[in-house]
Amino acid sequence: MAIQNLNINVEYLTRVEGHGNIVINVKEGKIETCKLEIVEAPRFFEGMLRGRSIFEAQHITSRICGICACGHTLASIQAAEDALGIIPTSQTIKLRKLLLDLEMLDSHLLHIYLLVAPDLLGVKSFVPLINSHNEVVRRALRMKKKCNDVCDILVGRHVHPISAIVGGFTKLPEEKDIENMLGLLQGMRPDMEATVELFSKLKFPDFERDTEYVGLVSDDDEYPLLSGDIGSTDNIRLSKHDYRKITNEFIVPHSTAKRTKLSRESYAVGALARFNLNYDKLLSEARRVAEMIGLKPKCINPFLNTAAQLVECVHCLEHAIGILEEFKKSKINYDEEIVVGLNENRKIPVIEGNGVGAVEVPRGILFHNYQTDEKGCISYANCVIPTNQNTGNIEYDLKKLIPEILDRNEEEITLLSEMLVRAYDPCISCSTHLLNIKFM
Amino acid sequence: MKKPKIAFFDFACCEGCQLQVANMGEGVLDVLAAFDVVEWREVMSEKWDKKYDVAIIEGSITDNHAVERITKIRKKANILIAYGSCATIGGVNGMKNNFELDDIRKYVYGESYKFFPTELTKAVHQVVKVDYFVNGCPVYIPEFVAILKAVLQGIPYYVPDYAVCVECKLNENICMYDKGVTCLGPVTRAGCNSWCINNGNICYGCRGMLSNPNEKSARDVLAKYNIPIELIINKMNMYNKCREII
Amino acid sequence: MEKMALKYSSYKSEKAEIVDIKKLTENEKLFRVVLKNKGSLDHEPGQFVMVSLYGIGEIPISVCSSPMISDYFELCVRAVGKVTRSMHKLKKGDEIGIRGPYGKGFPVRILEGNDLLIIAGGLGLAPLRSLITYVLDNRRDFGKVHLLFGCKEPKDMLFSDELEQWNKRTDMHYSCTVDRASPDWAGNVGVITTLIPGVDIEPSKTFAAIVGPPVMYNFVIKELIAKGIPEQNILLSFERNMKCGNGKCGRCQIQNLYCCQDGPVFNYEQIKNLSEAI
Amino acid sequence: MEENQYVVLKKELFNDFITRLAGIKKLVAPVSKGFKNFAYEEVSSGEQIALKYIPTILPAKKYFMPQNETLLEFNTGKKSNVEAFVEYEPVTLFGLHTCDIAGIQCLNMALSERPKDYNYLSRKNFITIIGLECNEYCDEFASCHLVNADFPSGGYDLMFTDAGEYFIVHINTESGEEIVTNTEIFNKAETFHLNELIKIRENKRKIFSNEVPIERRHIPELFDRSFRSNVWKEVGERCLSCGNCTNVCPTCYCFDIRDELDLDMKHGRRYRVWDSCQLEPFAKVAGGFNFRKERFVRQRHRYYRKFRYPVDKFSRFFCTGCGRCTRTCMANISLKETLSQLVRESEDRVWKRWL
């Protein structure tokens, strides 16, 4: 018999970044409450940025989130360059794409292995896995470390990258660095194969809800991550400067979160959205893996966001290797190395401007928007975080999921709801850069 | 020897310092061989309700709820480690203290700002006693490991009380001042192996200021570069604003 | 980088074993140490050794036992920091490393035949104990012997058993004072300089040996000079931060002198013009 | 000058020579890092070397006294086992200026004083030194003439002097001789070569002049008079205590010794790292008392360790005039300026006494 009354209160949802609670209340078979509260302390980044040099923006906003610090850095740089009218060189763009590939890979691996795998393997965390699945844990850590090592070489470190700044890079990789990075990434292939192998055997819960998916789209044939227009599976296409029309941020009275909506009551961003929008542009190795695990666009099972992440891992690894192989042939132009500073000697001219950065980061599309005054100081700042865009959608998913599983016991229901939230890989530290969010 | 029970907690922060642990790769397993991790919300669902031998605290204290929580943790922890700039010196969260609290709340929340209480950002030691400090934004893993060893040995760890320049020189970097830009290395505590300058950036002071910096001279030196005074001040308090709270 | 074993290194210690530990006060412990291979340490009163706790660090500690004892030596250690606190956690039978003895101690040959005025402040009694016991072991070689001892409170009193024995001896004058008395304290109260005027000595044939906290020196020296003791007869021992003991690491330098090699015992004439000394 | 101690290397053979030299053992030479900065780094070909360079960021002492060198390795526990080690690396240093060679001579003296530092002394025998004479003053910060380090005077295996079309090379040691023999690229020096060398040196004497208003032999006396000078206070106010001046100094060798254990707490090492008397914690003792708390006292100590104390001990200055400390100081504390100020102030005092 299905449960009639249910009271789930998961305080401090674990294995997500940041503090969140799930509250579900079912009375006489009907959902009364179904919300995801975020209790992380607010951090006020946009407020703090006012009055600071635009050249500090990327350093500060990187600190919104340590998990996707490279993503914030890239979005911030893009917005700042847009505001100042700087056009990066093609070498710079390539290196940034490499950085973004690494970011995707690193974050997805962390999520797949350390945060999702324990659920699929029926344990509470990766710690018991050290004994039961030692090789799996070692592989996960090894792959994570390699991403990290490549990031160290490229930008100094993965958490809060150092050398990627407005205008380019303060340190360009030497020839031997290119070799090293290439070696590390190529050395990751066997582990990647084993990862695909492992996850193709695991079973994700069955659940579907038709959803509008939003992500970057472009006209060329590269899987768009660093730049492009904004598109949706409901056939909307807009320039990144119109990001407000897409995100439509609003505050609901009973919530402390800014919410977003586009054509419907909510939309989703992230790996699954990108997969659904740009499947054709994935590298063939990645498409092969998708086929192997039976993932096809348009997929509307949110639990399979993790599978889409796996496909992206393969894509990003191969894409990164491709970039490095090109650099190995064409060599780096070291004259492009730039000197950092608060632009103290006015080396880069500053203008009054307004710029937007729209970058696909692991959890979905990320927007940064700055206005600068004539001295190059920030007069307005706004960042729209993927997790914020997903919150509404997660709740609608939960509302559909719970009635479907009321015949299970409470523990299972709790676990499945936790897994659903986790599948989105919500990054709460990110979302509270600004607000005390409550998913209602 | 019984393995010490260790737990991770996060307050207002970006959680990058916790991620630094995962970034150790298989080295994490050596740490786990020496410690017994009993609670770590970011990666574990297990909870622990007894005493901790070691509590690692990430993030700054920014509201009353956090004050209560950290006080409870302190009571349950034998050794408390402030982990990362947000915890040790307030870090970037301290920039909030540059503004009137109501002003920044209004800016972010608009009219409904009153629903969102916030307090001056504080470093952990400004609220409870701290036994070890792991500085840095993010923490520098070799230093963190050195501190874990000190914990195991039961000996103090002294955060270097000399300038980042010391390490920077040993790394034979071209001094940023030679490149015509200013750098906070001379007033910032070393220990990060001059991470940022090694990678062509300046030091932003993330490890906190020296206990006795020559601030006057540092300002004089910075002033030679014709930067507006607000920007110099901004630069010096990007991480170090909480220093002003006594 | 290649690596080659060094047969002789100025940084390598002898193995030594702690054979006995005695708690003297809340903060001070006395360690009796035996060198495992070498036998006698062969030190002079006032010299120090470098004590190693491998994995923690190495620190200078004065030898506080008489040079006349050859099969062991003693170290009195106050727990103040990393190494000293860890040392307090050691047990009988534990192993430590010992290098030394180092430095110039009290010039006992020169002291012979003279009167001695020994002034100890707090932990300063430790290095002086080595001198006192040496003098008592060779009592007839010296003239009058006075010992003045001062400490913060009665509970901080080091070597109280020995102080009591020395107090009872007829061939030595002992007086002591505390900065702050406890209810059961019947002795002198006040800083150590208050004891000096009362001492009955022949200034021209007296040597004074002083060890104590840095603040004590200036006041005591002033009194001694007022009493007419020649500057070169006033002996002082200094403590500085030391890492090598070999006169290289630069920490213990007092202007042109290295505390570890040229000292730690200096005579006042040597250092009176060095502004960084006291 | 004996002709058989000299050989000649044609400039066009220089690259060849370097390639051959690099074949013998690891070769290190000054390379340009941009922004008028140079560093000693491993090279394998002549083009990498900056033949015209001003003193490198760090002096060659980094090869003689590595920044982080293991002294002991040990096992802890009941059966402790301690071994002393010296870490070394056979290396040829090419292109050292006379000031840097003087720096090594100073270190040799200080570290062979008893108790000897066998780590240093064992290592230095694996290092070959090839000098390169300066024909011009590096820049306004150099003061090698003041301290008598502007002309070659021992301390090297070979010394190169640039004579336009070719280098005139002085062979000072047998291992220098070996390099000459083994590389098979040098020609015998003829009398006219030596005459050329004499001319170069004469010319140098004209260019290298003293820019501090004091004669070398009066410096110790100047310092004897200046301990309580106000100049130190002024310098102290500006000093940031960053330690750059001592880290880059070729004759500074202060160090710290630290222990480190593996995470399993079973094995460890004791190592030494460079340290600096300019840093606040340097002379602090447990309990917090600091014997050199004030910046001006630390700065004064640095100058006295260059110009006064070593004169008694080693009969020479421990300043080689390389100018690194001045170049590196962002507070613009200048060695030559400080000395000049001391002289001026001291003269003032002398005059006042006369008046």
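Letters A, B, C and D name the chains as they come in the text, with residue numbers starting at 1 for each one.
Here, contacts are C-beta pairs under 8 Å (C-beta built on N, C-alpha and C of every residue); 3 or more make two chains touch, one makes a residue touch a chain.
This structure is a prediction, so every number in the text was calculated from the model and none was measured.
Comparing chain pairs B-C and C-D, the larger number of C-beta contacts belongs to C-D.
Seen from the Cα centre of subunit B, the chain whose own Cα centre is farthest off is C. Subunit B and subunit C have CA centres that are 42 Å apart. Centre-to-centre spacing of subunit C and subunit D amounts to 39 Å, using the average Cα coordinate of each chain. Centroids built from CA atoms put subunit C at 65 Å from subunit A.
Mean C-alpha position of subunit A lies 25 Å from that of subunit B.
Residue positions of subunit C touching 2 or more other chains, listed in rising order: 55-56, 81.
Among all residues of subunit B, those that touch two or more other chains are 153, 179. Residues of subunit D found to touch two or more other chains are 260-261, 265.
Pairwise, the chains that touch each other are A-B, B-C, B-D, C-D. Against subunit A, in their complex, subunit B makes its touches with residues 10-20, 22-29, 32, 37, 40-46, 59, 62-63, 65-66, 91-93, 95-96, 98-99, 103-105, 107-110, 112, 115-116, 118, 137-138, 176, 179-182, 195-196, 198-202, 204, 225-228, 230-231, 234-235, 238. Of all the residues in subunit C, the ones that touch subunit B in their complex are 55-56, 81-82, 85-86, 89.
By the touch criterion stated above, subunit A contacts subunit B in their complex at residues 12, 14-19, 39-44, 46-48, 50-53, 56, 59-60, 63-67, 69, 110, 114-115, 118, 124-127, 130, 137-138, 141-142, 144-146, 148, 155-160, 162-163, 165, 169-171, 251, 256, 337, 339-342, 344-345, 375, 429, 432, 434-436. Contact residues on subunit B toward subunit C in their complex (touch as defined above): 153-156.
Interface residues of subunit D facing subunit C in the complex, by the touch rule stated above, are 66, 70-72, 74, 76, 78, 80, 82-90, 110-111, 113, 115-119, 122, 227-228, 253-261, 265, 268, 270, 272, 275, 277, 282-287, 289, 291-292, 297, 301, 304-305, 308-309, 312-313.
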